[in-house]
Amino acid sequence: MFKFIQKSSKKAGSPPGELVHVGKKRSEKIKISLIDYDEERLEEKKVKVITDVFPFKESPTVTWINIDGLHDMNVVKKIGEHFDIHPLVLEDIVHTGQRPKMEDFEDYLFITLKMLSLDKKTNEIEAEQISLVMGNNFLISFQEREGDVFDAVRDRLKGNKGRIRKAGVDYLAYTLVDSIVDNYFSILENLGDKLEDLEKELLEEPDEKTRQAIYKIKREMIFVRKSIWPLREVINGLMRGDISLIQDTTIVYLKDVYDHTIQVIDTVETFRDMTSGMLDSYLSSISNKMNEVMKVLTIFAAIFIPLTFIAGVYGMNFEFMPELGWEWAYPVWWIIVIALGIGMVIYFKKKKWM
Amino acid sequence: MFKFIQKSSKKAGSPPGELVHVGKKRSEKIKISLIDYDEERLEEKKVKVITDVFPFKESPTVTWINIDGLHDMNVVKKIGEHFDIHPLVLEDIVHTGQRPKMEDFEDYLFITLKMLSLDKKTNEIEAEQISLVMGNNFLISFQEREGDVFDAVRDRLKGNKGRIRKAGVDYLAYTLVDSIVDNYFSILENLGDKLEDLEKELLEEPDEKTRQAIYKIKREMIFVRKSIWPLREVINGLMRGDISLIQDTTIVYLKDVYDHTIQVIDTVETFRDMTSGMLDSYLSSISNKMNEVMKVLTIFAAIFIPLTFIAGVYGMNFEFMPELGWEWAYPVWWIIVIALGIGMVIYFKKKKWM
Amino acid sequence: MFKFIQKSSKKAGSPPGELVHVGKKRSEKIKISLIDYDEERLEEKKVKVITDVFPFKESPTVTWINIDGLHDMNVVKKIGEHFDIHPLVLEDIVHTGQRPKMEDFEDYLFITLKMLSLDKKTNEIEAEQISLVMGNNFLISFQEREGDVFDAVRDRLKGNKGRIRKAGVDYLAYTLVDSIVDNYFSILENLGDKLEDLEKELLEEPDEKTRQAIYKIKREMIFVRKSIWPLREVINGLMRGDISLIQDTTIVYLKDVYDHTIQVIDTVETFRDMTSGMLDSYLSSISNKMNEVMKVLTIFAAIFIPLTFIAGVYGMNFEFMPELGWEWAYPVWWIIVIALGIGMVIYFKKKKWM
Amino acid sequence: MFKFIQKSSKKAGSPPGELVHVGKKRSEKIKISLIDYDEERLEEKKVKVITDVFPFKESPTVTWINIDGLHDMNVVKKIGEHFDIHPLVLEDIVHTGQRPKMEDFEDYLFITLKMLSLDKKTNEIEAEQISLVMGNNFLISFQEREGDVFDAVRDRLKGNKGRIRKAGVDYLAYTLVDSIVDNYFSILENLGDKLEDLEKELLEEPDEKTRQAIYKIKREMIFVRKSIWPLREVINGLMRGDISLIQDTTIVYLKDVYDHTIQVIDTVETFRDMTSGMLDSYLSSISNKMNEVMKVLTIFAAIFIPLTFIAGVYGMNFEFMPELGWEWAYPVWWIIVIALGIGMVIYFKKKKWM
Amino acid sequence: MFKFIQKSSKKAGSPPGELVHVGKKRSEKIKISLIDYDEERLEEKKVKVITDVFPFKESPTVTWINIDGLHDMNVVKKIGEHFDIHPLVLEDIVHTGQRPKMEDFEDYLFITLKMLSLDKKTNEIEAEQISLVMGNNFLISFQEREGDVFDAVRDRLKGNKGRIRKAGVDYLAYTLVDSIVDNYFSILENLGDKLEDLEKELLEEPDEKTRQAIYKIKREMIFVRKSIWPLREVINGLMRGDISLIQDTTIVYLKDVYDHTIQVIDTVETFRDMTSGMLDSYLSSISNKMNEVMKVLTIFAAIFIPLTFIAGVYGMNFEFMPELGWEWAYPVWWIIVIALGIGMVIYFKKKKWM
């Protein structure tokens, strides 16, 4: 299950800007890929050594450098030095567990947000921190591990579909953010499906499993909400229009992502409302059930306990019990007992317990 | 039951502005109707081919083009091209599931909101997205399917009742929004009636069905709220007075719709408060009932279990039990047993359990 | 019981400004009364025909026209025409169910608010919409039915007590609003008394009736809150100082009403807090009671069921049961049984169940 | 128990500014005391007739007039006339039950707030309204009854401790407000102690008394909160710096009171959080207990009811029951019964019910 | 367990600025240490007499004076006099229990916040008030007792790591605040671990201990929240840029702490959400369990009570009971009884109780 807080105590006390990776220790090599393009041509390559990307800093074409893996401090440090990135930004990049935020450093723009994905096996939601550093004509994206939601963007770049090759690096950044936000919808769909299943369960046969499912989905909702909520501010900041690196033509697109973000947040809030409604409904359904059980118990006990008493009476061994000798005593006894039983049934029917 | 989120995963990844309809696949033809009018004359016609409406773009008269059905991307695309509508707006129009919003593009104004209606059969609330694109002298309304709340507007137009034929296209747009908001009142009435029925049930005989009804109405409330809440901002934006397409004389009317919207939102909030009050009341009513059941059980058990024990005592077969031989043992036994029973009844009366 | 929403579906679809009364159909004649005064003299009369009040529009003296009953559209329409009132305002006047609001039309000021009263018979709170149209030297008040809280104002006018005859029409309007707000206090007192009764019940003997009373008072609170809450904005708007019809000397009085309104709202919120506290307390009191019942049941069952078993053992008819023949078996049996019983009692005492 | 609303219906309808005392009728004489001081000298005296204080209005020294008791309208009225106080202010002074507020009338400043105290006998919190009217060099304090938290201030004045004799009347007003706010801390301490006692009860042996205690403390919290919350605004208004009667040097002291007020409010909110946590905990503790009771019942019933049945079987009087005649039947029966009993015990142990 | 309010009643009534220590009485000597440094050299020493630190006030190098223990009023008073600190600030320093705040006095800056730590033995969170007074080139830190989170800072100073020796006193202040905020993360980790343990318990075997644990963690959360929440304002105030003592280059670092603070607050809120989710889940789990218990009871009672009655019937001693003499009566009786038992079992299986 996901954690709500990064273990970072090993970091506490080190000077600000010192790079300490706080995620899981990993040993595979960091993967660096590069796409360099303008309207005319596009070059894609895998980079072995980080210094290979440095020349692209000054090239007039748009360069997108994507880095998968944050555990090699050396790579991050070298990028930081070459691209003049503030040490605190580098710290935020490797110290995953940041709240989504945006910072404008005039020369470059720093954006960090959460990419959500579904773990295929457990059907649980996972978050990965994506950091974007956008300069004048380059964009560096940092991911915790391989695999992302940007394949469609790469295809559009290669296929030269839409505005993407004509527009600048800010449009590329927008496209990446847009992909991440669009992907939230599929996460929400998954949550929505789970909610619908729960709803059905709730109307039919809620049990202990339902309780755990409600708890789990509530927890997921808290997690998703925490990841998405700050995004609103981030995108609002981007489209405010006072960031020199973002062109005016891109702002209408940012407004679109903003609307999507609001929609996502709205839906998360709606889901939260629904979940709390479900919990209330579940609680009253349990109470209802207990009522049912209690009624059955009460009916059985209230009918047969008095009758057993009456049977007990005539099981006594007193020498002088005149009824015992009467000829019709036994059938009369049965008549009385049955009458009593029927009386009880009528009583419970009137009380609507049967 | 309505969904809270549009299935849109098939869309994720496509470039912004690409038109993909996300509603249910449908095959019937899109219906286009047109009303062109000024103070003197009015022309109404059904249009077969979308290009037939293009000449009206430049006509000095007010033209209202209504399109029922969004599944034919071609029609929407052509309108977009001819009327110079931004691709992102077109995307919002076909991608139903938008949050109500308003955008001012100087040349035209884009408004999208939710029309609510009651499904006659299931008595459930349904939402349909209505998008309005209002230009200088034309207004295009997009609906998901046939059937709307605008018939009274059409009658007023044809009957030349009130200001409508004298006023401009902004007044027409106001009239449509007003019709939609007015319709919310009848939805709320329906909800209010359901709430009153529930209230009666709650005071009389709440049961499992009540629980499900409360849950369902709560869900409907969440749904209605989500559809209506953002409207406030939308209309507030329209009446702010900085939109060149809206004349000053229309603003007093917009203020009226705004008041209605606030009233609707107020009522929805009140209903929410009431529903949560009902749930609390329902829960305590169940607990009360369980208490009742428990008391009956306890009374029966507490009275007859001891008596059965006493009967059991004299059902024992010990050889030396002096009481068994006493002449008055049996009547004395009865006296004791009845006294005990009456004692218990008095005890429970004192405890107010009977 | 009061409704939270006016049935207005018959209205939906009619053009804005069309007058349709939405309250209960009533046939009695509308009552119009008029008080015309300045510092020197005061004239009061009942008016038969509405046109009789028209001359007072231009008179330099202050004229207060009070109209009881809104079901005669003709009267309202004529007033609207003669006093130049916007059709949408007239619509708000007859369409009771408005949210309290204030609108400044330069020439006149429109205020609508809720007058609360107690139905003597049912002890329930009722609301009546009061609309005030205040011009340069006239004030028209519209009420749904006869009977109001303004008698003290009329007495002050006639008795020439205080500032009222010296001050202008804005002071008269203030006085009316003040009377309505002052009246809220007596409504709150009534609610407060009910709450105190409930509190006493809660500490003594809460039962099903308590639940229904809590629910009812909660509902009343929601109702009162909905009627009063928007008043804050209304009076705030009046005292902002940018309304030409209100003189500066009146503003200090408006500030006083504002303080009262805040106090009323404060008290309503406090009452809500208390009611929710009561509900919680009620729920736990029920649980406590159930616990009591359960304990009694458990004690009886746990003591006597094992003893009954032991009695049953010696009621068996096995031929070879050596105990049956022992001379002291029966008294020993009693000793064992009583010891067991006492043991159980001690056990339950230790568990604090007895 | 304290009331949340002043009975003021007798007041409703009287003109604004008319003085009607709404507290309890009381007959003892109003007590007036006066302290007149500057840096050099201090004069303290009890005043019999209110007119005796009038000369001090113009004296250059600082004069503090304290009035205990508000039931003599004459005294208040005369003060109002001589010191030129607005009738609405006088009304607020005698009409206890005001929300804490501050009003700047240029010539004088009006502050009203709540002094809280503990009733020694019942250990309940009581509120008393304190009103301060501060002029150029006089300060009049109105209290509902004798006894206040100002003794330390009087001592400091007489002892000439600290800045108090050197500073102006605004510093005196600050000192009084500060004393009242400081006193809130001891009220909070009392509440805190009660909360801690409750906490202990909750972890040990929560019962019906606990429920009532939680309810009572919650009610007290609502009361305290209502009295303290508006103070924030009041002091914020005082230190805003646009009030001519308050010198700049006093503002740093007001900031200090402001911090204390925030701290008090913070603590009240924290207490509220804790109380609601307690209630939740209490509710689950009851449920837990009921579970315990139920388990005991179930264990007894489930073990002995089947055994009683088996005993019943061999108590039957059928003529042909072969087991009855078997020699080892009785011991075998015991073995079976004991085995069954042990089996049940093991079963319940496995279910963790024992 | 920590207190939510400082016992300060002994303080109430004393003049503002009078120094009364309100923490626990302690007798050990106050410890004063001093670090004086610039880029070139660093001097560290323990100070015996407070006057030894006075010369450093004017030295051009940065001086950090750390004071452990606040119970010696003399020391605090002398510092206040020499460093020209306002008496109210000194009062805030010794009167622990302040809300975190920041005040700019032009000549110096006063910051007070809470350092949280874990009591090793009880695993409970403790708070200690840290006050910082930052002048032009000195910084005085006041702590309640020895032991803090500043060791890493001291190491960095001595090791001349990072910017710290090159930067001014404002950077030192930032570093201290940063250390405290960083330390919050380890507190949150501890809370997070407890929450995870609780979560596991909740899914497995929740019991009375779980209830107490949830209550305790909730209480800790309230405590942590109260300590951390106001920090946001504090740091926001520091980085606003209008404080002359803080250099522009430090602001980017303050922004970093600000982000961390937001993250901490975010996490606390998330934890609160989770805890309340846990409580709900716990409550329904108890209800579920009670349901289980009830079902077992009902099954046993409903099966065996009727059978016991039937056995009772044939234990009766009527003389004329024909069944008793029938040859196959006993086996037939068994067949009936077993059939009935199986019938009940089937019934309960169908009801899903078994």
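A, B, C, D and E label the chains in the order they appear, each numbered from 1.
Just so it is clear, a contact is a pair of C-beta atoms (placed from the backbone, for glycine too) under 8 Å apart; a residue touches a chain by one contact, two chains touch by 3 or more.
Note that the structure is predicted; figures quoted are calculated from it, not measured.
Peer 1: Which chains sit in contact with both members of the pair chain B and chain C?
Peer 2: Intersection of chain B and chain C contact lists gives nothing.
Peer 1: Between chain C and chain E, how many degrees of rotation does a Cα superposition need? Round to steps of 5.
Peer 2: An angle of 145 degrees brings one copy onto the other.
Peer 1: Interface check for copies chain C and chain D. Shared numbers divided by all numbers used: above half gives same, below half gives different; which is it?
Peer 2: Looking at both copies, the contact residues mostly diverge.
Peer 1: So how far apart, in whole Å, are chain A and chain B when each is placed at the average of its C-alpha atoms?
Peer 2: 26
Peer 1: Could you tell me the distance, in whole angstrom, between the mean C-alpha positions of chain A and chain D?
Peer 2: That gives a centre separation of 42 Å.
Peer 1: Which chain A residues touch at least two other chains?
Peer 2: 283, 287, 290, 294, 297, 301, 305, 308, 312, 315-317, 321
Peer 1: A student should be able to answer this: under the defined touch rule, what is the ring order from chain A, with chain E coming next?
Peer 2: Order around the closed ring, chain A first, chain E second: A, E, D, C, B.
Peer 1: Using the touch definition up top, name the residues of chain C that touch chain B in the complex.
Peer 2: For chain C paired with chain B, touching residues are 3-5, 7-9, 11-18, 86, 88, 91-92, 97-99, 101, 103, 205, 207-208, 211-212, 214-215, 218-219, 222, 226, 230, 279, 282-283, 286-287, 289-290, 293-294, 296-297, 300-301, 304-305, 307-308, 311-312, 314-317, 321, 323-330, 333.
Peer 1: With touch defined as at the start, can you tell me which chain D residues reach chain E in the complex?
Peer 2: Residues of chain D touching chain E: 149, 151-153, 156, 161-164, 175, 178-179, 182-183, 185-186, 188-189, 192, 202-203, 252-253, 255-256, 259, 262-263, 266-267, 270-271, 273-274, 277-278, 280-281, 283-285, 287-288, 290-291, 294-295, 297-298, 301-302, 305-306, 308-309, 312-313, 315-321, 352-353.
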